[in-house]
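Next come two complexes, and both contain chain A; in the first it sits with chain B, in the second with chain C.
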Partner chain A sequence: MSFKLFSLLVQASVWTIGISAISIALGFLIAIGLSAALLSRKPLYRKPAEFFISFFRGVPLLVQLLLIYNLLPFIGLNVPSIVAAIVGMSLCTAAYQAENLRGGFESVPKGLTEAADMVGFSPRQVFLRIKVPIALRLTFPALVNEAIMILKSSSLVSVVGIVEITRMAQDLASSTYMPIEIFSSAALIYLVICWAVALAGRYGERSLPGVAK
Partner chain B sequence: MTLPAISVRSLVKRFGTSTVLQEIDLDVPEGKVSCLIGPSGSGKSTLLRCLAFLEEASEGMITVNGEALGFFENSKGERERLPAAQIRAVRSQIGMVFQQFNLWPHMTALGNVSEALKTVHKVPKAEAEERAMVQLTKVGLANRAGHYPSQLSGGQQQRVAIARALALSPKIMLFDEPTSALDPELTGEVLNVMRELAAEGMTMVVVSHEIGFAATVGHQISFLDQGRLLFTGPPSEIFAKPRHPRLEQFLDTYLDRGASMLA
Partner chain C sequence: MIFDPNVILKHLPEIISGTGVTLALWLAGMALGILIGFLVATLRRYGGRLIDLPLGLAVEVLRGTPFLIQIFLVYYGGPFIGISLDPIPCGLLGLSIYAAAYYSEIFRAGYASVPHGHVEAGECLGLTQFQIIRRILLPEMALIVLPPSVNLAVILLKESAVLSIITVPELTTTVSAIGSQEYAFLEAIFLLAIIYWVIVECAARLGRLAETRLSTFRFAAS
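So, the complex of A and B:
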């Protein structure tokens, strides 16, 4: 396989990495709100969040992407397919990340918040200064896991016409008749990216303040 | 007689249908060490947690230096909950030390001690850390200021926790079994810090299984059993001539244990 073919795959990986990174970040922000709603005592907040999560965890991402891609123009939003892809991936990962975060918040030892109450923290200060940092620490490994899952799931956005690694590999395979070489190269690129994310995750986890070295 | 630092009247605490504290009346004298002793499940930790308003009493009143804590009696004689800000204000006179230390794992020792000064009292960072260092020095841990809780022994963590409470200049310190989670050889360093505090005239309420500490440092000992406060008095009365049969039995088990350790 020529260097030129391989470099086309590497160029396509920019889309894979870009879409995944934006979706993980957006999904994380949405997940913070969702997890707060999940932990709320008010059904008015909790129920919609529960519904949202059961939908996005219960419908295949491929179907979600096709649905969003077709739904946005239908409701009058003519956006490029990249936006549809990012919206779909963000909402999907938000559902998973919200459940991770909920678990993290619930695992913050009660004694740590009581200690904060005793020194006069307001509920808001307890949330921001104690609960959030500790919950993030507890959920960090799951977050790295989710980032890797999303990186691989991004291969599905090819159905809305985005030429990321998988789509590029399919195009190249059908035009060059070298599917084994090309799909092996695609697999190798995915492997390297995911390995780098895992490595960065492990380094990041160790450098969180207060984690026993 | 001077006003008691904490005064408890007819306090009842129920969890669901079980009553864990029944009709507790207790005065905590100012500048003295009051110890709560009793078998496990007797309600002594729950009583202490009520004094910190970490548990809300089901009935009765608690006043801290004359101010109602959590609930007050309104003009119609009904028990009414105070607004959260007022509860925080009364509670700010109280420092609490927990059995499990409860240091914040993502902050250094210095961070743990200076955090409330910075976040709650808006003291500038440099000044807050300076004041925190004074407290860490007091508990003998100035050289561990930059360590995270995971890098400290249990005894050191508990001393940081004491410094954290002291940094806010409380008038009263509550200790909930402060040495129960520690190896025997580490209890001494924590008890020493508590002895020094007592010698400085800090008002302290201590729930502890350290009968020796209660006997030597305590000014007032209260014995709880099955949610009732059976006896309150000076240590001389309690330990020298325990007149209550349940108390005698309780102390005997401690003496037995001491004797078996010698054997």
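So, the complex of A and C:
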């Protein structure tokens, strides 16, 4: 396999990384709202969030992507397929990230919030200064895992016609008749990206402060 | 969007057969995955470094690459090295190998969770290595291994939708084909989502039931 083919795959990885990064970030923002609704005592907020999460965790991402890709034009939004892909991936990862965040908030040690209460923090301060930083710290490893999952799942956006690594590999494989070399190279590129994210995650975790049990 | 229920009734046999293929591939892939995964975890534990390293690398590669790429490699790359498979066996092979990589990690964690003292106690009593696995390690890790296994089972069911890309006649393939035939693609995809959702919810509930049942045997915990 020539260097030129390999460099085409590497160039396509910009799309894989870009779509994944945007989806993770957007998904995180949506997940904040969702997890707040999940932790709410009011069923009016909690039930729809639970429904949303159950749906997006219970349906294959491929089906979600097809659904959104066809639904957006139907409701009158003629957007490029890249938008459909990002919307689909963001909603899916939001469901998973919301569960992680909820877990994080629920496992903030009670003693810490009580201590802050005793020193005279207002409920708002307890939330912003104690709960949020600790919950974020606790969910950091799960966030790294989710980022890796999304990087791999992003191969599915090839079905809505976005030329990221997988689609590029498919196109190259059918035009060069070298599927083994090309798909192996694509796999290698995914592997390197995933390892880089895992490594960065481990480094990040070590440099973040620890949390008392 | 007005969905004519008669369309579903008309295509019911196809939908049922597609669901059947999905369920069969899922269950068979899971069974093979558990079998191979357990074998891999056991070999890695007892086989020494020479076996542990290559198997560990293979597991890492399978877990670090998208399922779709693995499937493409087997389906399009296979014929070049003399393995021409039809979509269904190819899908089953891909799903089993993918599942095995993840199950092997679950079993590895399971092995690690059993206190070393229990194994030593078994050795002192003169149990063979096989008896220790069968009588001590397996029963003790069962409870630890179950929740992640159920989780993985759900993930595998959802991954099986990817097999539609290599034209395996499973649920996604069948229902989206009906959608194109009837000019009702969006409705068909909605139906598809609901069917998957129902199966996933059932599987998750079954898993929770099994967990509560099994937790009565928590005698050996800690």
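To be clear about the criterion, the second predicted complex is superposed on the first by the 209 of 213 C-alpha atoms of A that agree within 3 Å, B and C clash if a C-alpha of one lies under 4 Å from a C-alpha of the other, contacts with A are read in each partner's own complex, and residues count from 1 in each chain.
Convention: contacts are C-beta pairs under 8 Å (C-beta built on N, C-alpha and C of every residue); 3 or more make two chains touch, one makes a residue touch a chain.
Keep in mind that what you see is a predicted model, and the values were worked out from it rather than measured.
J.: Following the overlay on chain A, give me a clash-or-fit verdict for chain B and chain C.
T.: fit
J.: After superposition on the shared chain, which partner residues are touched by A:48: those of chain B (first), chain C (second), both, or neither?
T.: neither
J.: What angle, in steps of 10 degrees, lies at chain A between chain B and chain C when each chain is taken as its C-alpha centre?
T.: Angle at the centre of chain A: 100 degrees.
J.: Per the contact definition in the header, classify A:152: touching chain B only (first), chain C only (second), both, or neither.
T.: The answer is second: A:152 touches chain C but not chain B.
J.: Under the stated touch criterion, which partner chain does A:204 make contact with: chain B (first), chain C (second), both, or neither?
T.: After superposing on A, A:204 lies clear of both chain B and chain C.
J.: Which partner reaches more residues of chain A, chain B or chain C?
T.: Between chain B and chain C, the winner on chain A residue contacts is C.
J.: Based on the superposed arrangement, let me know which partner A:80 touches: chain B (first), chain C (second), both, or neither?
T.: neither
J.: Compute the least Cα distance separating chain B from chain C in the superposition and give it as a whole number of Å.
T.: Chain B and chain C, overlaid via chain A, are at closest 23 Å apart by C-alpha.
J.: Going by the contact rule set out above, which residues of chain A touch chain C in the complex?
T.: Counting only chain A, the residues touching chain C are 54-55, 57-64, 66-67, 70-71, 74, 148, 152-156, 158-159, 166, 169-170, 173, 179-180, 183-184, 186-187, 190-191, 194-195.
J.: Show which residues of chain B lie in contact with chain A when the two form their complex.
T.: Touching chain A from chain B are residues 52, 54, 88, 91-92, 94-96, 98, 100, 102-108, 115-116, 119-121, 148-151, 161, 164-165, 168.
J.: If you look only at chain A, which of its residues touch chain B in the complex?
T.: 109, 111-112, 114-122, 125, 129-130, 133-134, 137, 208-212
J.: Which part of chain C faces chain A closely enough to touch in the complex?
T.: Touching chain A: residues 1, 60-61, 64-70, 72-73, 76-77, 80-81, 154, 157-162, 164-165, 172, 176, 185-186, 189-190, 192-193, 196-197, 200-201 of chain C.
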